[in-house]
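Note that the chains are named A, B, C, D, E, F, G and H in the order they appear, and that numbering of residues resets to 1 at the start of each chain.
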Amino acid sequence: MLQIGLGGTGGQGLIMAGIILAEAAIFDGKYAIQSQSYGPEARGGASKAEVIIDDTVIDYPKVTEADILLALSQDACDKYFGILKDGGTLIADEMFVNRIPETENPVLVIPITKTAIEQFGNAIFASVVALGALMQYTGIVSKEALLQAVLSRVPKGTEEKNRAAVEAGIALVG
Amino acid sequence: MQKPRLVQGNQAVAEAAIAAGCRFFGGYPITPSTEIAEFMAEQLPLVGGKFIQMEDEIASMGSILGASLAGKKVLTATSGPGFSLMQELIGYAAMAEIPSVIANVQRFGPSTGRPTSPAQGDVMQARWGTHGDHGVIALSPASVEECFNVTLKAFDFAEKFRMPIILLLDEIIGHMRERVELPEQHEIVSVYRKQPIVPEDRFMPYQPDEDEVPPMPPFGAGYRYHVTGLSHGQNGLPSESPEVARKLLARLHEKISRSHDEITLYEEYFTEDAEYVVVAYGGTARSAISAVKSARKLGINVGLLKLITIWPFPYQVLERCTRFAKKVIVPELNYGQLVGEVIKTCGESKVFPINRFDGEIMSPERILVQLKAVARR
Amino acid sequence: MDLEKYLRRTALPHIWCPGCGNGIIAAAICRAIDKKALDPLKTVIVSGIGCSSRMVGYMNFNTVHTAHGRALTFATGIKLANPELNVIVVMGDGDGTAIGGNHFIHAARRNIDLTVVVINNNIYGMTGGQYSPTTPTGAKATTAPYGNIERDFDIAKLAIASGSSYVARATAFHTVLATDLIAKGIENKGFSVVEVISQCPIYYGRKNKLGSASKMLEGQRDKAVMVNAAEKMTPEQLQGKFLIGELFNDPAPEYTAEYQKIIDLASGKGGK
Amino acid sequence: MDSVVIVNKRFCKGCGICIHFCPQKILVADELGKPDVIDQEKCIKCKQCELRCPDFAIKVNA
Amino acid sequence: MQKPRLVQGNQAVAEAAIAAGCRFFGGYPITPSTEIAEFMAEQLPLVGGKFIQMEDEIASMGSILGASLAGKKVLTATSGPGFSLMQELIGYAAMAEIPSVIANVQRFGPSTGRPTSPAQGDVMQARWGTHGDHGVIALSPASVEECFNVTLKAFDFAEKFRMPIILLLDEIIGHMRERVELPEQHEIVSVYRKQPIVPEDRFMPYQPDEDEVPPMPPFGAGYRYHVTGLSHGQNGLPSESPEVARKLLARLHEKISRSHDEITLYEEYFTEDAEYVVVAYGGTARSAISAVKSARKLGINVGLLKLITIWPFPYQVLERCTRFAKKVIVPELNYGQLVGEVIKTCGESKVFPINRFDGEIMSPERILVQLKAVARR
Amino acid sequence: MDLEKYLRRTALPHIWCPGCGNGIIAAAICRAIDKKALDPLKTVIVSGIGCSSRMVGYMNFNTVHTAHGRALTFATGIKLANPELNVIVVMGDGDGTAIGGNHFIHAARRNIDLTVVVINNNIYGMTGGQYSPTTPTGAKATTAPYGNIERDFDIAKLAIASGSSYVARATAFHTVLATDLIAKGIENKGFSVVEVISQCPIYYGRKNKLGSASKMLEGQRDKAVMVNAAEKMTPEQLQGKFLIGELFNDPAPEYTAEYQKIIDLASGKGGK
Amino acid sequence: MLQIGLGGTGGQGLIMAGIILAEAAIFDGKYAIQSQSYGPEARGGASKAEVIIDDTVIDYPKVTEADILLALSQDACDKYFGILKDGGTLIADEMFVNRIPETENPVLVIPITKTAIEQFGNAIFASVVALGALMQYTGIVSKEALLQAVLSRVPKGTEEKNRAAVEAGIALVG
Amino acid sequence: MDSVVIVNKRFCKGCGICIHFCPQKILVADELGKPDVIDQEKCIKCKQCELRCPDFAIKVNA
């Protein structure tokens, strides 16, 4: 079982990233659950998505001890860091996360948003870049499944950029 | 079977509704149920169905009852505050015997509470929320796949028993997405309300058949009749007779109680030899099964009775499952609701409630700790 | 016209008090239906709760006596579910404009094809004579023992402002006019409101010393002015009078027809 | 001769409306206030009685 | 004491309200409660109070909650259909802790039912009618004099515990007139909500004292604060914190449970040596006492526990009264409601419900027959 | 003016999305209160549920965040219970005209002295972008994926038809005007409605491709026409525009004042 | 204990008569309960009032076995006759009750309405005439108490007529 | 010198409204879209920024 937390601010597309990741796992024949926490009612604001992937049926739907925490904002990093299990990895965005909590866990600080902006002209691609990185780092989903999942969920006309964003994410870790 | 997909609980309710033949949705947005309405708004026109956003939840209930009288299978979806507002017309639906399905995706209350946080605080309200007596069927799924299958059941029960059926989700189940394998449309067999076999001049709209349920032709199909929330005779007209009132009220209960077994949906895990039994439902059942598996690993002889049908409460099943149990543990996301029914069957001394009422999900650990305590491990 | 074929004989005699306007208006509705030759099997009449709302129990159509104030919500569901049905709604001033006021303005806004007869007797009859949103300022009621300080709704004005495409007014005295206006309301494809001023001799009449039912009908006769006649009258002459006749008629896109377009669009295009 | 004006006294509640408004004054109240037709011939078949009867209790054969 | 008078139950509620200092009534007419509104409309202006007939029951609830925030003691009155509509705002009153009294004169339901016929069908609804969890106080008088005295209590409880109090009458008690001897105004001592003692800048509107109840200044008296139905901290502002939510919800229950004895009103007749105990309330208690007297004459050792406080349910009192009882008989004008609570205490096997659900009053004979049967006479 | 003294600092920053009109209007209300020099201790602000209704939590007065649609019912109780309090009501288009529509028309009918600010962003913001009774026909919303077929209310028209004695309209762009009109509404002893057109860039804006908050404010600027300017314009020129400014001002007997007369009458005469 | 049923049609004033009777009993120092049955909601229609008078507290508030049934309409007579106990008396109005049920109970047919109309010009006085008759027949309340109760409930200006109506009722039985 | 235009960046959400509508164009976005005042002197104290700021985050000292 792999438990993943994805934290950031509303509008960064992390909920959608969680959905894509879970869907990719299913394409791989695995079991997956995605959930999220909301702010007041359904409005924007700080957001966290959770994904659990396993080879068998998953009982409890929430992340208890995350193997991975992806943090795309300082707020989210601070707020959700505690969810990481001992030895779990923090993957943090170089641009938005300036203070890394003191920890003995592995930490990966990578230029996710920067890559999105520089290579694809829009921070909106950060979440897909992050997915590429996550995939590469964990191997929890196959590249084919991830690409399939990404392409089935992104707006028409942006397929190529998103495909490239996955590759760019892979390259960040690779 | 369809290929495995990632589907949200709320979406599964909506998909199942359409698969069951639901062709009318009247609703009013409210977190955490709104996705059901949004899905129906998009999908219903594709199958010739109708979606309408009404001015409030009372109007939503009214609209689906009207549409049901016009022959449609109908759905509305809401959460606590809206569910409270719907109570008067839920009673109307019970009294006038109008098939309808009401999904309540529970959030933390009372009042506005914490709109995006889960709870199981409307369980007793689902039974007793409206004034006066009537039988109730309420179903509570614990997974996205169950959302689909239980919604199919809800429509079947609504049509078969001619009554409002409450689908009690919680924010956990409504909002989470998980892998499901759903049946194809052609694999689904759905019930539609019985039609009369007599001609109009001999038709008595509230004359029950042996199953205590009267046939129900849609308006416009050649049978004129009167529908009222007043106490009414078999001819449908208002009546001041105590005898008529008594018979009507009894029938509203008996049409359900006589089909108790068919209506009672549940799952058992390891109950055969259980010294300790956990009784759970909805999102909390997910925590419970996880805790039970952990406890079993520790050698604790524990079983789980997962209720899907909450109302009518399955006293007999509970009785059977707990006959030899030393302790019965009832975790709920409320201050203690369904545990009261468990006490009626098992007695107060045997029953250990676990109540979480802060808008957060029950952790498996909390249940496990309680299990260890009762089992003295 | 043979009124009987539209009535449920076994349900009669009705429960209304002697001289109550409800029966007069029930007959006028039946005559309007007859005039428009609606198929009773395809005609639905929906009401709320109140003396006036008991009407539908006596009328041999598909009838629904809903909850207090909710007639229009049911009617909206019925009409949208099956636009082929003719749907007529009967409600009292309390039922339709007090507890049911919101549904009234929203159904009007949608311009859904319903014909609504609001039976305005200026009082809550069923519960024994409390003031309603149409009780005139100063009038007495059991809950206004010192005289009513609330201002009364102009139902027609409200109907127009909220989007109705046909609005008219008649009285229980003017039965032929009532029939005609209801028939025209049925004809209009959209939300039609026909307010019929009625008498409750038992509560409103007694409390306000208006005399017998006949006297109250005379009052309707004397206070009502046909719209075209009113055009030639001065404000002074119109003082204390009210208008009857067709007050507004401006066809607009009808809700269920618009919805059909969505279905055609959606299924044609296969989604968004 | 067929009656022109037929009163159903079972339905009639004796409200007096028909009596009050009959232009020919050919309806008169019995002891319970229900109308008796005193002079059928004078009826002009205006139907004011029928149209305003709240109880579906009076019918004028045209 | 006043001289003996013939007073109607509904009127006694209204008279008591004014005697308790109620100066605001917002309502909407509904049989069989309307006399309360009519009396208030006439009497309130005489004491400088305000009566308003709102556009519906939801608005009625809203208006009294607003008036209570402005510092008045407040009342509304309704019956089943209106009570259903009020549920959302009753939950709001519980959550925001706004003193208020809601009289529900019960009639036969569900739905429109039989509007002029008695029932005790809203007993469970009074406990569970709104969504989410909160503590409830509901009182049910059995005579006109009790209508008066229990209404006084209702206002005291409302003010003392800062919450909505449900007065559960039934059509029998509400509409009947009987001889009463009521106290004079100067003999009545009424409670008014606690006032803060700190200045505004240190005032925390939801910081409870030791009794778990926060002081409540009226709007305009120099304390500005925020009132919300969202989960809120002691400062009154909305909070997303689970801890805050948990504490709030616990307090809403505990402020009642810690005063359980004070709140529990009841009367016992011949229970000391009773082999058989009848548990009854409201109009049905009148039939029960008559039956119990007859049975005693036949030599049956029967007692009566007459509940006035229905919620919180007086488990301890019941326990004490029935400890040695062989059978417990629970007559109700419903399909079986409060009997469920009796079962929780006494066990199913001991308890004999008598249910009448046709809109008519329980006859003493019916109870007597049952008593004879259980006592084998 | 020092805005801060009217705000609850500890409650800030607020929950609204970047560019949302709610904050702009909150400030305008505070400025109007300041302008009228209302005593904050004697001023009550009541709201319903919605993004806009969260406003009252940030404002340092006696504030009530009621249930969805019910602000006016609480406000009516507050004002009638203590007419010395200044009572202002804030509600969204959904809160005020969907679920709360009935209370709106009835409070207007009573002409009770409340000043109501309706924040109209043409959408249900709080629940994520469903259509409201003021969503224009044809616009998109999550529950109108094929375009909205409902007709939208003209809130001002409805307010006038139901009895308001003061009705005005401004926008989030026209903040000074908004402040002035709200202040005038406070001045009016009776039911005053000020509709303020606002922007929800996150849901309504995105769904309908209206661009940034600034772009939406420009839209308000470009579509709004002051009433007096409009008088000189042709119908063609007014096509697609809406009026701002004072739309209606016709003082009428106020409810709580009328009630005081009843008290005087009743206690003077000692009963009916 | 005396149990009394008063039946007629709406508008005959029987509910008020019941109230007056109960009040009179209280003036006499007795206990009394009055109740009634309604038609649909609070509207007019057929009506029945019930009064129980006793020297001590009354438990059950409804008439179970009436000592007296006063019937002012045929309908009421037919509908409520069964409520009379064996030996109970039916007091029927001569004008409105034409068919007396077969019975061995005492029956008193008296011209109540006729007296009201002929002596006081309005059928509305029938109920007070009936009260006089009832008092005289049963002796359950004193004349002083009855007069006091009547006069406190009737509209101002009608006191004298009502006092006379009581006397006329007494005379009908006397 | 006292600042004329004061921005509270903790409250500011970077919506850009003040920047967009400043007639003097003296507000420019920082990397998070929040306004920096580049030329206080040019400020005409029209307060358009303050009046339209949705976040109570900008204040113009008059």
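The rule is short, and it goes like this: a contact is a pair of C-beta atoms (placed from the backbone, for glycine too) under 8 Å apart; a residue touches a chain by one contact, two chains touch by 3 or more.
Small disclaimer: the values here were computed from a predicted structure and weren't measured.
Seen from the Cα centre of chain E, the chain whose own Cα centre is farthest off is H.
More C-beta pairs touch across one of B-F and E-F than the other; that pair is E-F.
Separation between the centroids of chain A and chain F, computed from CA atoms only, is 41 Å. We define each chain's centre as the mean of its Cα atoms; on that basis chain B and chain E are separated by 29 Å.
Between chain C and chain F, the centres computed from C-alpha atoms are 31 Å apart.
Under the contact definition stated at the top, not a single residue of chain D touches 2 or more other chains. Across the assembly, chain C contributes residues 17, 54, 65, 67, 98-99, 101-102, 106, 126-128, 133, 145-146, 259, 262, 265-266, 272 that each touch 2 or more other chains. The multi-chain contact residues of chain G, meaning those touching 2 or more other chains, are 39-42.
Remark: chain C residues 8, 10-11, 40-42, 44, 46, 54, 56-57, 60-67, 70, 72-82, 84-85, 102-103, 106, 259, 262-263, 265-267, 270-272 touch chain B in the complex. Within the complex, the chain C residues that touch chain D are 3-4, 7, 12-14, 16-24, 26-28, 172-173, 175-176, 212-214, 217. By the touch criterion given at the top, residues 10-11, 13-17, 20-21, 33, 51-56, 59 of chain D touch chain C in their complex.
Across the complex, chain B meets chain E through its residues 58, 79-81, 83-85, 87-88, 91-92, 94-96, 106, 108-115, 117, 119, 121-122, 124-125, 127-134, 228-231, 240, 242-243, 245-246, 249-250, 253, 334-335, 337, 340, 343-344, 347-348, 357-360.
Chain C makes touch with chain F in their complex at residues 98-99, 101-102, 105-106, 109-111, 133, 145-147, 149-154, 157-158, 160-163, 252-253, 255, 258-259, 261-262, 265-266, 272.
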